[in-house]
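Pasting the structures here.
Common to both upcoming complexes is chain A, partnered first by chain B, then by chain C.
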Partner chain A sequence: MTARTFGRVLIAPAAALFLAVGTGPLLYALYASLHAFPAEADAAPEWRGASNFTELPRDPQFLRSVVVTAVVMVLAVSLQLGLGFAVALALNRVQRGRGLVMSLLLIPSAIAPIVAGIAWWMLFNARTGPVNAILELVGIPPVEWTVTMPWALVAIVTALVWQWTPFVAVILLGGLTTIPPSVLEAATLDGAGPWRMLRDITIPYLRPFFLVAGLLMIIETVRLYEVPFYLTQGGPGNETVLSGIYLFKLAFNFRNFGGASAMALLFVVVLSAIASLYVRVVSGRNSEGRTA
Partner chain B sequence: MTDPTRRDALRWGAGALALAAGCGRPAEAASTLKVMSHPGQILPILTHHTEYLKKTCGVSLRILESPDPTSYLDAVKDQQTGGGRYDIAMFFPRFNGELAPGYLRPLDDLIEKHGARPLFENIVDAYRILYSEWGGKTVAVPVDGDVAMLYYRKDAIENPEHRKKFKDKYGAELAVPRTWEDFARVAEFFSGWAWGPSGRPGYGFQSATWERAYIEQQWAPMMASAGGNWFTRDFKPGWNNPAGVRALRDLKSLLAFAPPGSISLSWNQTMENIFAEDVALVLWYMDLGRLGMSRNSWFAKSGGPEKMKNFGYAPWPGYEVGGQYRNFNSMFYGRVLGISRFSKQPDAAFQVLKTVLTPERRILALDDDQSGSDMFLKSDYDPAVFKKLAPPAAFLETARRVLDNGFPEMQLPGAGEYMDALQGQLHAYLTGSENDPAKALQAAAERWDAITERLGRNRQAAYWADVSARYKRAGLKVADL
Partner chain C sequence: MKTRGSWMAATALAGAVAFALFPVYWIVLTAFRPRGEIFSHPVRLLPTSLTLDNLRYVWLGSETTQPVLPFLGTSLIVAGVSTALAVALGVACAYAMERHKTGGRAFALWILSQRFMPAIALIVPLFILFRKFALFDTYLGLILLYTTIHLPMAVWLMLGFVRGLPAELEEAALIDGASHAGAFFRVALPLLRPGIAVTAIFVFLFSWNEFLFAYQLAGDEVATITVYLPRLRSAIAELYGEIAAAALLSVLPGVAFAWVMQRYLVRGITLGGGREL
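Then we have the complex of A and B:
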């Protein structure tokens, strides 16, 4: 046995395991996306070809869920990145106890999403929630947060920003520590002010970190289910049925496993496309930034 | 000889039930059954019997909890993966049409084999016919009966001063409302002024919940009372018509008389509201009358006999349409147990079903303030069976009577999707994101038609014919559109 073959034999179990648990479900999803699954006992799956895919763009609920998800994504991810950056800059100045602060910051993102959903539902409760109680103290009438627009969207975005901004801050803080002090010192000696240093040194250095954080947040928004579902149940009406909620409904409430598998695969493709475009744009700018 | 009373009938029936109850002969030796149950307050339905089943039948229960709204999905997943996950599953009867065709084992042969017919005949007809059968077979066993009724505050309605004020204002007698128009007037009258013991301005009306996932429970019986139905004979939505619009519009107008924020309150919160505030008219399920007697029930921590003594009980109001008066009460929710057709221990599983139907076992969950199981056996409505909660006879009598006009859930395959389509539009109108009730119902109807086409119009229509036949057999006088 050659060394090369021996090496292959050694990695074969790991490769088989990866194929089974990584590729297997994807292949099954592909199979499911091409079939319908009748409810009757012993009924075999029916071949549907590409119908599950071609029906999606004609499904107004699907289209609406994509639009709502896009709106939440733009609002939430922008705020998470913006506020996360601000928090990271502030923390970068903290010299003592930074580790403790970072650990505390990670708590919201470590909380189970369903727990976060319940907590925010209680906070936004129109009758008993503290948010309305505070508003009433300053003379603002109570708001029906979870059942009126645009407040239902505001509630969802607020919960997401609360949960994930600290996580983004921790990623960006990690990036800030990679900026060589010599670069900052040189810029200071050259007379660069804080704004100039932020624009021409800090942000270009942080681009890869923004890339990672942004990408994770985009994926998180597309997968989102528990927090918005617990907060609004998709209401008022269907106004906050995000793609994650619709995917779940399609599979289990509507028992359309084929359609749900098609939607899930479509999202894998779209997310991959967004990711590669995002990487190209950000890393392209990044290399420009570095060479400037 | 005088006619036998209901008590006599129950006493005679008890003899037959005693013969039917018990294991008879041991089931498969030392069986362990995997039983899916809704969690929390629903667990006592089973946990009251775990030791008993083990000792007397040799059946051990391994209870696997599954959240109420999605438990049927776990059964679906069990079916899709070839079974083996559960021997017995608990679900809402709304999903009978989803699970009966492929997952549930018909029970008729087991009923005969184990001599359990008297136990099944002790189930109130409405629950037995509407929620236990599918395609002419018995496929499930109720373990929690649900029906809503009108709870009215006697100190509001029967107060002579209030009666005089009401007559001066509306030129009519103040009475328990018979129609939804009367209801709106009474609700309006008691809104915004201090008429009760709290000394604070009271409210006219409170519903069990307005959450999106349950929003249709309030509207559907009103729609049926106004002359609608789930479907027409040619299998079109039977509520996309003036009856549906009228019910929806009337329902929204009632919100003005409910405590602020009611549109987003949960079940528990509305019950607490009822005890904390003065609310004249309350549309709630049997839980309020049964668990309201406790000061520390799983549903509310502020009830008690002194809070409940002010309540009177009546059926929901109705509509007078074309000289015909119809009134229906929401018979939504409830819970059933079914045996998986994949179970290798159907006889042992059936012993569990028999046990929960045996009156002296079943009362353990009924007379328990931490249990969410309401009456569904004929013998459950006898005040003498309650030793702890002691709900008044008038409540039990009304709870039994309103079932004669209980409007059931729509149970066709695809029920989850049909209901989601309806809930979305009802909620949109009631929360104000859609202002035209006819447009809201039209949008829901278009989705219902699309769902029907996808699931097969002829197949669905055949199922509906079966459901309609059961409505007739249960004596439901819904409009035949």
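Then we have the complex of A and C:
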């Protein structure tokens, strides 16, 4: 067997699976997005052209879900990056016990998202939860967290920050270790203070790592389902129906497979655009020769 | 200056660890708390008495709860088999891509695009196709699905490890008369063990924690632990203790697995999250 044949044998099963369960269904989504599916199970889908797509911007619930998702994304991702950077700097500073601290910090990221939803649902419970109990100790009256706005959004963002900030911190710490010590030493000798070092050396060096972590977190928010599903159940009213939740409502509550497929494809296009940015960042970084 | 900085770093980390662990503490506390104390007012932040009742109700089942064990078993089968498959296919694929340049750049980009395709984009077509091909609510359906959605991550993680493996060892084996298959199975594969461990942790955790597909494409005959958890929430009875106990049981296997392989975990995040991808 030549190397060429052996290579093909090795990738064949993976390629077959990608075709059958990944690319195949994606093409079927394209077909579904151009059709309407009648309620009767064995009735043939009807051709609709682009109507499923043109109806989306006229659907107020869809528009609202996009706005809510954007708000959650901006708040959550900026907090994850900001706090993650602070944690990464702190981790970089300590030597002793770093491994232990890191594995403790990573517990939230290893926990199932549905369990994260459950945990914060308990913590934010207005009667039995510790959040209100702690607020009461400092004289703040109880808040109905998951059933009033804007507190329901605050609860969701808190859960997301809890779950992913340490993960972001570990990625950024990976970036911090790529800064050559000689650069830092030279800057110290030149009399640069800690803020200048941060602004002129650390942050520029970390830019690709910030981008990578930010993109992963953006993708995480676009697909977000479990936390609002359990924590707020989309409520109060439909105020916290994020785009992921609305897609499922469209598909399984309203049985609008065509509309849901159109929405899903819109996700794919937006995320592909983001992903191509990601690829450019990573390959740009490789050509600079900074990664090992 | 230096000491003040270290002090600040230590304080920040202590705060971060407290924030990360407090929800875990609350779940554990609620799981072992008697019902009366869960609903006591004012809320007690520290335990005063402990009970195993909640754990017993979810372990053995009660009027309001199903026994948890079959659901844990289903999760173990689905996550275990998908992990084995994704790791096997992933290491083979990554090895061919890196060593034999099979598929070239186009194939690599195709896999990368799968990595970024939101899995929810597939839910409608998969719902329709799974029913058409009798994969709906079956082990085979979920296993195929988990293997596929986690395979791109497995390939990209393994690519990093294959790249770090010196080619000279396999070349020497080839000169000594080994076949390409022999060089892969007998030389490269044993050396890739750390990479295989990292990949296995990630695929296992993601499969174990997966909820969406388990909920929409299965959930009756084949019901995983993540599907069991939301079922405990009911409008009639507030089963906080039982929910916490079940949540605790559900995270133990994953967290234990990740804890044991902790140094690999960090390596995987820096590789998969920040570097090679």
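Please note the rule applied: the second predicted complex is superposed on the first by the 253 of 292 C-alpha atoms of A that agree within 3 Å, B and C clash if a C-alpha of one lies under 4 Å from a C-alpha of the other, contacts with A are read in each partner's own complex, and residues count from 1 in each chain.
One rule holds in what follows: a contact is a pair of C-beta atoms (placed from the backbone, for glycine too) under 8 Å apart; a residue touches a chain by one contact, two chains touch by 3 or more.
In this text, all values refer to a predicted model and were calculated from it rather than measured experimentally.
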>> Contacts for A:F252 in the overlay, against chain B (first) and chain C (second): which applies, first, second, both or neither?
In response: both
> If you stack the two complexes on chain A, which partner ends up touching A:I114: first (chain B), second (chain C), both, or neither?
Replying inline: second
> Does chain B (first) or chain C (second) touch A:T146, or do both, or does neither?
Replying inline: first
> A:G22 contacts which: chain B (first), chain C (second), both, neither?
Replying inline: second
>> One more residue to check, A:V72. First (chain B), second (chain C), both or neither?
In response: neither
>> Touch test for A:E239: chain B only (first), chain C only (second), both, or neither?
In response: first
>> By residue count, which of the two partners contacts chain A more extensively, chain B or chain C?
In response: C
> Given the touch rule stated above, what does A:A90 touch, chain B (first), chain C (second), both, or neither?
Replying inline: second
> If you stack the two complexes on chain A, which partner ends up touching A:T128: first (chain B), second (chain C), both, or neither?
Replying inline: both
> Touching A:L34 in the superposition: chain B (first), chain C (second), both, neither?
Replying inline: neither
> Considering each complex separately, which residues of chain A are in contact with chain B in the first and with chain C in the second?
Replying inline: 127-128, 252, 257
> Which positions of chain B touch chain A when the two form their complex?
Replying inline: 70, 73, 76, 79-80, 98, 101-103, 211-213, 259-265, 269, 273, 341, 413-414, 416-417, 420, 424-425, 427-429, 431-434, 451, 454
> How about chain A: which of its residues touch chain B in the complex?
Replying inline: 37-43, 125-128, 142, 144-149, 232-239, 241, 249, 252-257
>> Residue numbers of chain A touching chain C in their complex, please.
In response: 1-4, 6-8, 10-11, 13-15, 17-18, 20-26, 28-29, 32, 83, 86-87, 89-91, 93-94, 99, 101-108, 110-116, 118-120, 122-123, 127-130, 132-134, 136, 162, 165-167, 170-175, 194, 209, 212-213, 216, 219, 222-223, 225-226, 229-230, 244, 247-248, 251-252, 257, 260-261, 264-265, 267-268, 271-272, 274-275, 278-279, 282, 291
>> With touch defined as at the start, can you tell me which chain C residues reach chain A in the complex?
In response: 1, 5-6, 8-10, 12-13, 16-17, 19-24, 26-27, 30, 38-39, 41-43, 45, 89-90, 92-93, 95-97, 99-103, 107, 109-129, 144-145, 147-149, 151, 155, 179-181, 184, 205, 208-212, 216, 226, 229-230, 233, 240, 243-244, 247, 250-251, 254-255, 258-259, 262-263, 265-266, 269-270, 273-275, 277
